[in-house]
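Multiple structures follow.
Across the two complexes that follow, subunit A remains constant while its partner is subunit B and subsequently subunit C.
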Partner chain A sequence: MEKSNRLKKILASKEFSLFILLVIVVAFYGVASPNGSFLKTRNIRSILDSMTIYTLFAVGGGLVIISGKIDLSPSYVGAVCGVLLAKLLDQGLPWYLVVPICLAVGAAFGLLNAVLINEFNIQSFIATLTTGTFIAQGLVYLIPAGVTYQIKDPVVIWYSTGKIFGFIPITMVISILIIVIFGIVLAKTKFGRSVYLIGGNANAARLAGLKPKKLSYIIFAYSGALGALAGMLYAGRLKSGSLVGTVSYGFPAVTAAILGGISLGGGTGNMLGCFLGLLIINSFNNGLMLMGLKPYWQTVASGVLLLIALTIDYFSTRERKIKLTGSI
Partner chain B sequence: MIRNFLVKKVVRNNNFTLVLTLFVVLFVFQMINKNYLSLGNIRNILNQAFVMGTLSVGIGCLLICGKADLSSGAIGMMGGLIVTFLLNWGVPWPLAVLITLCAGAVMGSLNAFFTNVLNIMPFIATLGVSSVIAGLGQVFTNLQDIPIYNKSFWVLGSKNFFSTLPLPFLITMVLLLAYGIILKRTRFGRQIYMTGGNASAARLAGINPKKISTILYINSGAIATIAGILTASRMQTGSPTAVLSYNLDAITVGVLGGISFTGGTGSMSGVFIGILLFNSFKNGLVIAGLDSYYQPVASGILLIAALILDFYRERSRLKALRAHEKLG
Partner chain C sequence: MVEQSLEFCNIVKSFPGVKALKGISFRAEGGRICALMGENGAGKSTLLKILSGDIQPDEGCLKINGEEHHFLSPHQSIKSSVSVIYQERQLVPSLSVMENIFLEDMPVGKLGFINMTELRSKTQEILDTFGLPIAPTDTVGWLSVAYQQMVEIMKAYRRDSNIIAFDEPTAPLTDKEITILFSLIKKLKEKGKVILYVSHRMAEIFQISDDIVVLKDGSLVKTLLTSQTNEGELVKAMVGRDIGDTYANLKRNDKIGDVLLEVNNLVTDYVDNVSFKLHKGEVLGFAGLIGAGRTEVMRAIFGADPIRSGEIRLEGKPVRFKSPSEAVASGIALCPEDRKEQGLVLKRSITDNVSIPVLSKVKKGLFLSRKTENDMAMNAVRKYSIKTPSADKQVMQLSGGNQQKVILGRWTSEKMATKILILDEPTKGIDVGTKAEVYQMVCDFAKQGIGVIFISSELTEVLNVCDNIIVMHNRHITGMLTREEATEELVLQLAMKD
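Let's look at the complex of A and B:
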C-alpha cells in the first residue's frame, strides 16, 4: 500500500515529467539524427562535457531564483574572471593565489548586486543586468586592454582539460560535485530551508526570525563566485583569456533552471530538476547541430525554450495555487 | 508671493535638477575640449541619440504603466531588416514603412500575450521574445548586413535642418511631444499613470489594466520599428546587429529622466532631458579622449546612479504622501 503511494508520488512529480520530456527529446534525435549519431558514446560524452559551464551558472542562478530574486550577471562576471585569471597568471602570480582572488572578485560582484537590491530597493533583474552588461562587460575589455593573454600554468590547464582515467573530464566532475553539494544543502540544511522560505514569502520569513537581507547577501555572493569558477574553467579550457568568454552561457542556464521547475516566483524547485533541465536543453541544442541546422537557430531555440519553460511554469504554479487555496 | 511660489515650484521640479546636471556636464566637457559644443559635434550627439530616444518613448510609457520591455531593441532591429527586404523587393518606401510599423505592432502583441494572458514577469517574457526575434534576424541574414538601394529612402536618415538638427532626431522630438501630450492631457494618459501607480485601485475605478498594457506593448513595438527604420535609412543597410544594444540605454534615459521603476510617475519632458544628458555625457567621454572601453562602465555607473536617485525620489514621494495624509 505504502509502496504504491510512493510510486504515485513519483509519477506525479515534476521531475518525472521532465524525465519523460528528456526521453522524448533523446528518442526523437536518436531516430532523426543521421546514422543515429546522437546516441553514440562520443556524442553523449560531448553533451555532458558541454554542460559543465552551464551547470555552474544554473546552480548559482537557480539558488538566487529560489530565493525570489534573479541574477543575470554571472555569465559576465565569468568573462571578467576568465580574463583576470589569464592576466594574473601571466604576471607570474602562482595559481593558488590567483584562483582565490578570482573567486573573491566574483563574490564581490555578487555582493555589489546584493547592495543595490537590498539597500536601494532596485529590482534584481535590472540591477544584475546593469552590473553584468555594463560594468562587468566593460571590465572584460579594460582588464586585458587589447592583449590576449595565454594561460601556460600547468595546474590550471590540468584541472581544466585533464581527464580522470583518460575518459571523464575533471571539469565535469567539478560541476557535478557542485550541483550535488548545493542540492544537498538546499534540501537538507537550515540554510537551504531558509532560502526556500525567503523565496516563498520574505515577510513570513522575517516574522519567523530569519534575516532575508543577510541571506540575500550570502546567496548573491555564492552566485557570483560560481560564475567566477565557470569563467575560470572556461578560460582554462581555451588556454587563454577570451573577450567573449562565458557571456552567452547565462541565458540558457537560467532557461534550464526555469525549465527544471525552479519557479520565477521563488520558493520552489530543486537541483535535480535543474539538472534534468540542463540535460534537456543541451541535448536539444546538440541535436539541432547534428541535424545540420545553422548555429543561429540556437539563439531562436533558446528563446523559444525559455518561453515554453515560462508557460509550463505558469500552468504548474496555477495548479499549485489552486491546490493550496482552492481557487485561482 | 506668487512669484516666490513659482520659483519654489520650478526648483522643486525633478526636471530642474536634471537641467542643472545637464548644464554642468556641458560646461565641464566644454572646458576640457572646446570643440565639444561646435555645431558638428552637437549634430553628432543628436545623431547618436535618436535610436535610444525613439525606443525610450515606447518603453517610457510602459515603465510609467509599471511594465518593462527588453524586446524593443530586437524589434527595432527586425524592423530595419523588414523594411530593407521590402525596399529591395521594389515596394515604394511609404508603403514599406507602413507595413514595417504593422509588423512591429504584431511583435509587440507577442509581449502582451506572454505578460497579460500567461501572467509572466514582463522582464523575463520580453527577454525571451527578444531572444527569438534576434535569433530570427541572424537566421534571415546569415549575420550579414544587407545594402539598401532605394535612394529616396536614404533621405529619411540623412537630412539635416539648420545643419545641426538631423531629421531622425526631429522625429524623436515629435514623438516625445505627442506622447507627452497623450500622457498629460488625455483620459488614456491618466489611466496609464493610475495603472502604474496602483493597478488594483485602477481596476476598482473601472480601468482594465491589462487592456492598457496591451495597447502600450503594441505601441512600443511599432515605435521600436521607427527606430529600426531610421537606423536602416541612416546606415543605408539593414543590419542584424543594429539597434539591439540600445534597449538598456533607452531604459536608462527613462529612469534618468524621472520615470520610477515601480510605475506611476515620470514624464516625457524628463525623458527628453534624460536623452540629452546621457548622450552628452557619453559623447563627452570620447571627446575628452578616454578609451572607448570605458563607455560601458560609465553608462553602467550612470544607470546605477539614476536607479539610486530613483530610490531616494520614491522614498521622499512616499514621505510627502504620508505627511499629506496626516494633515488631511
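Let's look at the complex of A and C:
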C-alpha cells in the first residue's frame, strides 16, 4: 500500500516529468545525430563538462530564487573574480591566499546585495542588476587596467584543467559536489528548510520564529561566493583573466533552474530538478550543434524549450488551483 | 420600473474530486435582500463565481427577469447588469477612486483622451449620493479597507447593476462602517435591485436580510423567511444538527494561577501607555473596534514591532524581545489575524508549517528528522481533527478552519512548550461548527496552564469565552471587566469612550 503510494508520488513528481523530457531529448538525438555521435562517450563527457560553470551559477541562483528573491549579479561577480585571480597571481601572491580572497570578494558582493535588499528595501531584481551590471562590470575593466594577465600558477591550472584518472575533469567533480551538497542542505537541514519557508512566506516565517533577514544575508553570500568560484574556474581554464568572463553564463543558468522546477514565486523546487534542467538544456544545445544548427538558432531553440516547460508548469499549477477554488 | 428577479435553475458544478454544487435552484426577488448562508465548503462562493461569470456551471442556467443566461466571462455578466463584490477587493490600488469606479467605462473626449473633468464630477456625484468623505482623486491604495470596500460598491452602483451580490462585505469593517454599508445596501434595496448577501455573522443576517437560503455541502437545505425564523433554527439548518448552546457547553478552566505576563506603561508608535497582567490558565480577552491598537500591543510584546518605552515582565523577569524568534524561544506564540499572509506558508505542507518554530529540536545530528516532524504533524491532525488525507498536503488546499487548526497545532506541540498563546481573531472566516471547536480548544489550552490572549471583534465570543476582558479604544486601554460584570453595552461604551 505504502509502496504503491510512494511510486505514485514519484510518477506524479515534477522531477519525473523532467526525467522523461530528458529521455526524449536524449533518444531523439541518439537517433537523429549524424552517426549516433550524440551518445558517444566523448560527447557525453563534453556535455557534462560544458555544464560545470552553468551548474555553479544555477545552484546559487536557484538557492536565491527558492528564498523568494532573484540574484542577477553572480555572473558579473564571476567575471570580476576571474580577472582578480589572474592579477593577484601575477603579482606573486600564492594561490592559497588568492583563492580565499576571491571567494571572499564574491561573498562580499552577495552581502552588499543583501544590505541593499534588506536594509534599504530595494527589490532584489534592481539591486542585483545594479551591483552586477554596473559595479561588478566596471571593476572587470578597472582591475586589470588594460593588461591581460596570464595565469601560470600550476595549482590553479591543475584544478581548472586537470582530469582525474586522465578522464574526469576536476572542475566537473567540483560542480557536482557543490550541487549534491546544496541539494542535501536544502532537503535535510534547518537552514535548507528555512530557505523554503521564507521563500514561501517571509512574513509568516518571521512570526513563527525564523530570522528571514539573517538568512537572506547568508543566502546572498553563498550566491556571490559560488559566482566567484565559477569565475575562477573559468579563468583557470582559459589560463588568463578574460574581460568577458562568465557574463554570458548567468542567464542560461537561471533558465535551467527555472526549467528544473525552481519557480520564480519562491518556496518550491530542488537541486535534483535543477540538475535535470541543466542536463536537458545542455544536451539540447549540444545536439543542435551536432546537427549543424547555427549558434543563434540554438539560442532561439533554447528559448522555445523554456517556453514549452513554462507552459506545462502553468497548466499543472492551474489544475491545482482549480481544485483549490473547488474546495472553498 | 420592471420588477427584477434572479433565478438559479438546477446549477451543478464539479471540480476534480469534489461536487461543489449538486443542483441548486432558488429565486431572489428585486427589492428584497436574500442572504446566502452555510458553513465553509457549502458552495456559496462557487455560486457567486458562477453568477459573476468567473466559472461556468456543468449544468443548469441563470434566469434574469425570466430570461435564460449562460455567462462565459465576467464581461458578459457585467453586461447583463450583474455585479459581484468579493471579499478580496477587485480594485487597482495605484489608481484613483474615480479611475477605479469608472474602470472599464471612462468618459472619453474627441481625441480619445480621458475626460478628467467629467470623470471627476461624475464621481463626485456618486460620492455625494453615498455621503462619503473621500475625494475622487484619492489613491485607492491609501484608503482604509472600509473605504476600499465602499469604492467597490460604488463601482456596482455606477454600472447601475440590477443584481448585486456581496461576499462577506462586513468582515473588514468596524461597527460604524457597517452602519454606513447597511444604509447603502438598503438604498439599493429601495431601488428595487436584487441583492444577494453572504455572511457568517448571524446578527447581521437578522438585521438586514428578508430571505435566507441555507446551503450545505453543495445542496440547498432550506429557504427561510427571516421574520419567521430564529438563530437556533438557522444554525441547525446550516450544521445539520443541533449544536446546542455553544457557550453553555464550554468546559472552562477554573484554576487561574500566578502572574505570567506583566506589561507596564507600554508605548510604541501605535499604542500609548498600555498596562495589563495575564495569569497562568487565564483567557484574557481584548475587545475594541478595529484599529483600536489591540494587534499592535501584541506585535510589540512579541518583538515584531519596536517598543519605545515601558516594561514587560515574563514570569517576573523583565524581557524585551528584539525579534519574534526571541519571543518564540521564550514560549510566546502568536496566531496572527491574517492567516494566509502572516500565519502560514501556504505552498508548504502541514508538516512543514507545524515544525517551523521547533526546527532546531527536530534535528538528528546535522539533519532534520522527517519522521519526528511527521509524528508532530500527525499528532496535530489527530488532536484537532484536521480534515486531510495526510500531513504532506499543501496548507493552501485546506479550508480556513483547518488552516487555523494547523497554526494552533504548530504552537501547541509538545516540543514548543508554549506559555503564552496570543490569538488574533482566531474565528474570523470560520464556520459555526468549527468556531465551537476553537472555543473549546481555547479553554483546553487554559486548563494546561497556558495564558491565552484572545483578541476578537465579535462581542458575543469575547463575552462568553474569556475570563477577563480588556477593552481598547484609540491606542489606549479604556477598561477591564470580568466575565461576570461584562455586558455588550458596557464593552461597547468602553470601546467608544474618548
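Note that the second predicted complex is superposed on the first by the 299 of 328 C-alpha atoms of A that agree within 3 Å, B and C clash if a C-alpha of one lies under 4 Å from a C-alpha of the other, contacts with A are read in each partner's own complex, and residues count from 1 in each chain.
FYI, contacts are C-beta pairs under 8 Å (C-beta built on N, C-alpha and C of every residue); 3 or more make two chains touch, one makes a residue touch a chain.
Here the structure is a predicted model, which is why all the values come from computation and not from measurement.
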Next on the checklist: Between subunit B and subunit C, whom does A:207 touch in the aligned arrangement: first, second, both, or neither?
Outcome noted: second
Next on the checklist: With both complexes overlaid on chain A, does A:10 touch subunit B (first), subunit C (second), both or neither?
Outcome noted: neither
Checklist entry - In the superposed arrangement, does A:303 touch subunit B (first), subunit C (second), both or neither? => result first
Checklist entry - Given the touch rule stated above, what does A:126 touch, subunit B (first), subunit C (second), both, or neither? => result first
Item to check | Greater residue coverage of subunit A in the superposed arrangement, subunit B or subunit C | outcome: B
Checklist entry - Which partner does A:134 reach: the first (subunit B), the second (subunit C), both, or neither? => result first
Checklist outcome for this item: Listed in rising order, the residues of subunit A that touch subunit B in the complex are 70, 116, 120-123, 125-127, 129-131, 133-135, 137-139, 141-142, 145, 251, 264, 294, 296-304, 306-307, 310-311, 313-314
Checklist outcome for this item: Residue positions on subunit B within touch of subunit A in the complex are 68, 114, 118-121, 123-125, 127-136, 138-139, 142-143, 248, 251, 261, 291, 293-301, 303-304, 307-308, 310-311, 314
Checklist outcome for this item: As the complex stands, subunit A meets subunit C at residues 188-190, 193-194, 196-197, 200-201, 203-211, 265, 267-268, 319-320, 322-328
Checklist entry - Residues of subunit C touching subunit A in their complex? => result 14-18, 20, 40-41, 45-46, 49, 55, 302, 304, 323-325, 327-329, 334, 336, 341-348, 352, 356-357, 359-360, 363, 366-368, 396-397, 399, 410
